[in-house]
Amino acid sequence: MDVSILLLSLLIGAIVTYFSGDKLASKVALLFSLVSFMLSLNILYSYSNGNDVSLVREWISLPKISFALLADGFSLVMVLLTTILTPLIVFSSFGKSVENAKKFYALVLFMSFAMTGTFLAADGLLYYIFWELALIPIYFIALVWGNGDIEERKKDVLKFFIYTLAGSLFMLVAFAYLYTKAESFLLQDLYKLNLSFQEQTWIFLAFFLAYAIKIPIIPFHSWQANVYQKAPTIGTMLLSGIMLKMGLYSIIRWQLPIAPQAAKEYLPILVGLSIAGVIYGSILALRQKDLKRLLAYSSLAHVGLIAAGCYTLTIDGIHGAVHQMIAHGFVIVGLFFAAEIIYRRYNTYAIGELGGIRSQAPKFTSLFLIVVVASVGLPGTYNFVGEFTVLYSLSQINIWFVILGGLTIILGAYYMLKMFQNVMLGETNSNSFSEVTIYETITLVLIISFLLFFGLYPKPITDLVHPSLNEIFSTINSLK
Amino acid sequence: MNNILNQIGIENYIFLSVLLFCIGVFGVLYRRNAIIVLMSIEIMLNAVNLLFVAFSTYHQDAEGQIFVFFSMAVAAAEVAVGLAILVSIFRNLGSIDIDNLKNLKG
Amino acid sequence: METNLALLLLLSPFVGFLFNTFFGKKISKGIAGVIGTLTVLFSFLITICFFTQLIQSGKNFEISLFDWISVGNLQIDFGIVLDQLSLLWLLFVTGIGTLIHVYSISYMHEDENMAKFFAYLNLFIFFMITLVIGNNLLVMFIGWEGVGLCSYLLIGFWYKNQAYNDAAKKAFIMNRIGDLGFLIGIFILAAQFSTLNYSEIQLAIASGKVNTTALGIAALCLFIGATGKSAQMPLYTWLPDAMAGPTPVSALIHAATMVTAGIFMITRLNFLFDLTPEIQNVIAIVGVITAVLAASIGLLQNDIKKVLAYSTVSQLGLMFLALGMGAYTVAVFHVITHAFFKACLFLGSGSVIHALHGEQDMRNMGGLRKVMPVTFWTMLISTLAIAGIFPFAGFWSKDEILLAAFEHNKILWFLASVASIMTAFYMFRLMYLTFFREFRGTEEQRKHLHESPALITMPLVVLALLATIGGIINLPGSFWLNHYLEPVLATKHHAHSLGTQEFMLMGVALAGAIIGIVWAYAKYLKQGFVPKEDDAISGFNKIIYNKYYIDEVYTALVVSPINAISNFSRETIEPQLSKLIFSLGTAANAIGSQGRKLQNGNIGLYLFMFVLGICAIIIYLFIAQ
Amino acid sequence: MNTLLTISGLGVFCLIAEIFNLRKLLIPVAIIGLLAILGLTISEFNIPSSHYNNMIVVNRFSVSFSSLFIVLTIFLIALSGDFYKEHQSKLSDYVAIKIFLLAGAVAMVSFGNLAMFFIGIEVLSISLYILAASKRLEVNSNEAGMKYFLLGSFASGIILFGICLIYGATGYFNIDEIFQLSQGAGIPVWFPIGLTLIIIGMLFKIAAAPFHFWAPDVYEGAPSITTALMSTLAKVVAMATLYKLIQGMVPAIPTIFENIIVVISVLTMSVGNLMALRQNNVKRMLAFSGISHAGFMLMALLSLSSAAGTLLYYTTAYALAGIAAFAVIILVTKNKDNEDIINFNGLGKTNPLMAAILTASLLSMAGIPIFSGFFAKFSLFTNTIESGYLFVVIAGVINSIVSIGYYFKLIIAMYTKDAAETPSATPFVYYFTAVIAIILNIAIGVFPNTILNLLSA
């Protein structure tokens, strides 16, 4: 068995969901996403037993493009993140009616398919194809099922699409250029390339544009808050939970090993920019009036730290970034889900209109608080593991980086607690707030237990990703 | 025939044709009556035909002259279609001034 | 066996937390309280087991439970250590914790969320144990942050009041500032030694070859961490605000246990701080300034808990002074005695507040001595202890600090003495205003005045007893604590013999305390002076009463600018950035609109452009050739 | 050769069919006939040959492109049946003209002699003039026909002049001979001028800037099915012919010519895309989109030796997407006064399948993966980078980004707005055409090898 079965299951899932009709769609989607989750566990099992689960097939002879899927620890972890979060995200929508459900869930599964493909692809063009494919469904999800004023949304979503596409098209040019050099798109062939420093710089920049927009790193973030705010929450979860990880994953998998010299040369700028994103995102989050926008900026701050970890070019930084990616995926999904829970009851995201929920919904408050605390990176939660490691790697580069990057610890606590206070605490709200339903509870509890378990025992993940990251790291460091 | 070409020189034929061609072009550019524009295009085509014949002689080769027949036939067909369109425009608009054809723009 | 027992010690309060979280609503409040108390008591008993074992065998117990984080060459285990220091801390954490749990059963009985309260308290004890028990800095950090979280939860326990929530948030964030320092310190140590395990670091330092500059920075960063948690300058302002929480919380977290975590950490890492005398000086100076500053603020506060809070800050300052002079045992000694009498004082004030149904302003108290005899007497004993009156516990520990300061530096000694005098003054001011003369509250309150029930007074009595005799653990001559702690200290702190100088200093200290008491007596008992209303306070008093406006200064210097930047970013930078991106699209559209004018439908123009194109190309061909 | 003959025969049959009142049979017979011809053509794939003194050359290039043209014609004729439902009496004329047009097109890609080339282009053009003006009672259609006619015959004059100069310079019409002579020294200056003029004439046909002005007006004014034909078949034919012309007559393009092509290519794609942004009429918008695609296709000329396969792929991808898009557009605007975007409002709800197809074809044109448009662009980019024209590729990329702006305008209208009226029944043929076209598009997108490597080795 190889990893292609995963892709197949998700793709078939999308198709079957579409044909299953509006009533059954959510259940069918859940079923298929669970199947893909099982399959990925199975693949993980067989991988850890030493079996080769990768796949390389000739696809196009000229230009030479292969259908190559690489399953090492790193990509499997990201795939698992996708296949765990997808059922979770689908499940989170249970108990809420979605218009045109069959299309919606089919798009969700299709997006999941494309993202899985992105994480697995080991051929530049295949990777690019998956990368772009993931963009189409989220565009439609945000456009058609989003909330807020339609004219504004159209503009913002289109901006998002064009912006991200613009970035990735330059990546495509870089790939085309690499192809003329290597006569192949295969990852290992691209790793072997001997590029001059100037070539590396340009290629690095082209990749950077694509990733910086996707992740986003400031100042390329201006699409983010608007889209997060206006997309339906499931879309926001997919975007923030998984899709932006595509950019971070790609930095480690593609950008750094292909153009390591450029990365080394511009390290201070890259890390500086990422850390500036941490601070800027945190500061922006302080005074937001819309819950989803606030969370969007908090995400901006968190991913800034992850990107900083990647660009430190230390093994610790990369390790930490991977941990943090996974942790962030869960925590941000949890946070957006909490926002969604509130929205379902009060029909607003305006923080000013919220408050006083705690006395009415103690269970929800506790669950939300744990997620908030995790996002703040309290030790014992998985986020701390990543944050600690990344900050540690920053401290090895320059003490100022860690001081500035570490401001996330302070500012993060500030805006998250402030948000929590304004949203949940205070005098009892005059509008009644019904306690979380069983579906909502299960979703949140799953997220929380994941965060807590791996917060105390991250070893399984570490062991899984360690060999592949080391390999990538040695590629980065090998003389080019 | 050959002598004439030798005496006058192929360049002069070319200049003449180019001149005629340019007259046609200017006619197309400056006149607004569709029929006159059509005629100017015919001048262009005939200028070329002239040059074909001249080259044909220059190269001592009949192909050029045969080509002229092709082009004349084609020109005739073109004019036929063009006049047909012109007629229907005249029916609809009552004028054949090409400046009146400004519905489609932007 | 020992592992299991140690785990039990750690997890017992956690079980209590889980139980009260999940089933707290279903059981009666009393049972929730009892279960919460029993789990802590259980931990206390296990601690005693370990303690006796340690006394007998003198052997540490250290075990690594599992790998936690591994980063490159840095491998961090989740390990625990039970040695002299951690057991000592565990003893009073779980011991006082148990007492305060007992107290809370009665104190919180009317609160609808009592089960939750006990859950949080249990969770706090759990994290506190983690903090103390860890065998490396990162495990300590778990506890460190965890107690911060519990502190946040408990300060904001009455969540309907946004001012309390603000206080909770403030506490958490101030702590986090320190935590960043702590983390950076950890990073530097990790980079230096590739381990965070205490004993391994100690070994590495002992083996020499250390970069003292880096260690200096690390020590400074760790100390910054300690200033956050232990409320020292400049991060102390959260502690007085933290009095928003229920009184048992103030007693447990903000007087006896959590705030001493900074002292624990520095004592733990004494081998590190010993290497960096500059940082020790910084610690001493910060400590003494905090002591004086906080004591002076305490002089004029009217909120009974605020007085105690500033007193705590001030006492913690004294402990840091001791740490800064390398007198770790002295600091630890004072931590323990302080835990006794300060917990007692807080609980006593809680008893008073309980009797007055939430009244905390001393201007509205008075004359409670007769109504609440147990509370009065226990508090009086504790006040004598904190003022440093012979032979109460505080006398011995404070005296040692002053002694050490005198030997170290006369200025430090002088400032510390001033702080003690002020302490004696404001504590007796508190006593006089609260318990003596006539009751100044409303008639309604007067009718309901009563002594607190036994569950409240029992812990008071126990603590007062401890505050009386607590000094024996390190009496001059025996110096039991000094010997006990010797194994965990790198440099031996020589116990001073009792000479003339020592007796003289004791006398001076005692005299100072008496001066403070007399001063307070003269002003508040004799003259019957009652502090003025808030807006009537003027002059220098006003500055002190408003805590030197330090909160306001912080707001102006830090919070307001950040908010301003945030607003500016939100209202200006973000829209402009967005506009910039959109403007690319707008520009393209504008070009398109202009282009449409060129496409004007005129065949003549089209032909003209056609010819122009031909000409351009032909001309280019000729030029280029 | 057989292709040309049989197509002409089929055209004549269509005319005769009218006489014998076989209208009902007309379209099925034409389609079946064309399918048969397609088979015949493909059978000649591996048998290169030349006929009539090298007047017609059959090789892989001509066979592949001829097959593409035939396929496109089949689609267009299939759509004609419903489109001309109210003009039954003229149906056979229209169908016959389309088939003759196809004959012209085939002649253009399989010429071996400039005379054949000229005849082919004139057959094609004259047919288009007629089709463009075929709604004779509508002023717009007349205007479109007139504009196209005037500019087209002007361009014909230019092409003729160019042929004449080449003939003057070489003494031959046969392109093999011209190819031989063009390498030799001492070739008169008329030759490059003549070549330039022919190229300019062809640039006019593919609507490259600054010779593109006719395209939007004509596309808008012409009947929708003619627009479909012009934007797919006619453009593809002209592009293939231009490629063949240059490749056939000169061994390598001189740098000066390359510079011109670079400038025109970038100019064309930019003008097309920027102008398309502000269009409200869908046909006009697609006209500009077609202009920008012409700019992309011109990039193929920069890697003349290796880009034949890429060009075939690009044209196929583009034309298939175009057919699918126009099938939807014709359907939606069938009973409307104009083709404004408003008419597409709410299509996502009223007719989801058609909306999905239009979306897919627009995405393909925009170059989004799995649709063949992506791979077409990509392969073009790769070729161009290999020839060292990185900046042209970057210009192309920027243009692709701009193009999203207007393609998505249509998509947004379909999925976010509400429809003004309830949908009417859709004739099966539209589904049929559109679905097959888009499936073919996606199929070659997933398996690009099938087409991409046809012409290599």
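Per-chain numbering from 1; labels A, B, C and D assigned in written order.
Keep this in mind: contacts are C-beta pairs under 8 Å (C-beta built on N, C-alpha and C of every residue); 3 or more make two chains touch, one makes a residue touch a chain.
What you are looking at is a predicted structure, and each value in this text was computed from that prediction instead of being measured.
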What is the identifier of the chain with the smallest separation between its Cα mean and the overall Cα mean?
A
Selected interface, A-C versus A-D, where C-beta contact pairs are more numerous
A-C
Looking at C-alpha means, what's the farthest chain from chain D?
C
Could you tell me the distance, in whole angstrom, between the mean C-alpha positions of chain A and chain D?
43
At what distance in angstrom does the C-alpha mean of chain C lie from that of chain A?
37
Measuring centre to centre with CA averages, how many angstrom lie between chain B and chain D?
27
Quick one: chain A and chain B, Cα centre-to-centre, how many Å?
66
Residue ranges of chain B touching at least 2 other chains are 28, 98, 101, 103-106
If I count partner chains per residue in chain A, which residues reach a count of at least 2?
162
For chain C, give me the residues that contact two or more of the other chains.
585, 596, 599, 601, 603, 607
Which pairs of chains touch each other in this structure?
A-C, A-D, B-C, B-D, C-D
Within the complex, chain C is touched by chain D residues 146-147, 150-151, 154-155, 158, 192-193, 196-197, 200, 204, 210-211, 213-214, 216-217, 256, 259-260, 271, 273-278, 402, 405
Considering only the defined contacts, which chain B positions touch chain D in the complex?
10, 14, 17, 21, 24, 28, 34, 37-38, 41, 44-45, 47-48, 51-52, 54-55, 58-59, 61, 63-64, 66-67, 70-71, 74, 77-78, 81-82, 84-86, 88-89, 92-93, 98, 101, 103-106
Considering only the defined contacts, which chain B positions touch chain C in the complex?
25, 28-29, 32, 98-99, 101-106
Touching residues (chain side chain D, partner chain B) in the complex:
115, 118-119, 122, 125-126, 129-130, 133, 136-140, 142-147, 149-150, 153-154, 156-157, 160-161, 163-165, 167-168, 171-173, 190, 216-218, 220-221, 279, 284
Touching chain B in the complex: which residues of chain C?
596, 599-604, 607-608, 611
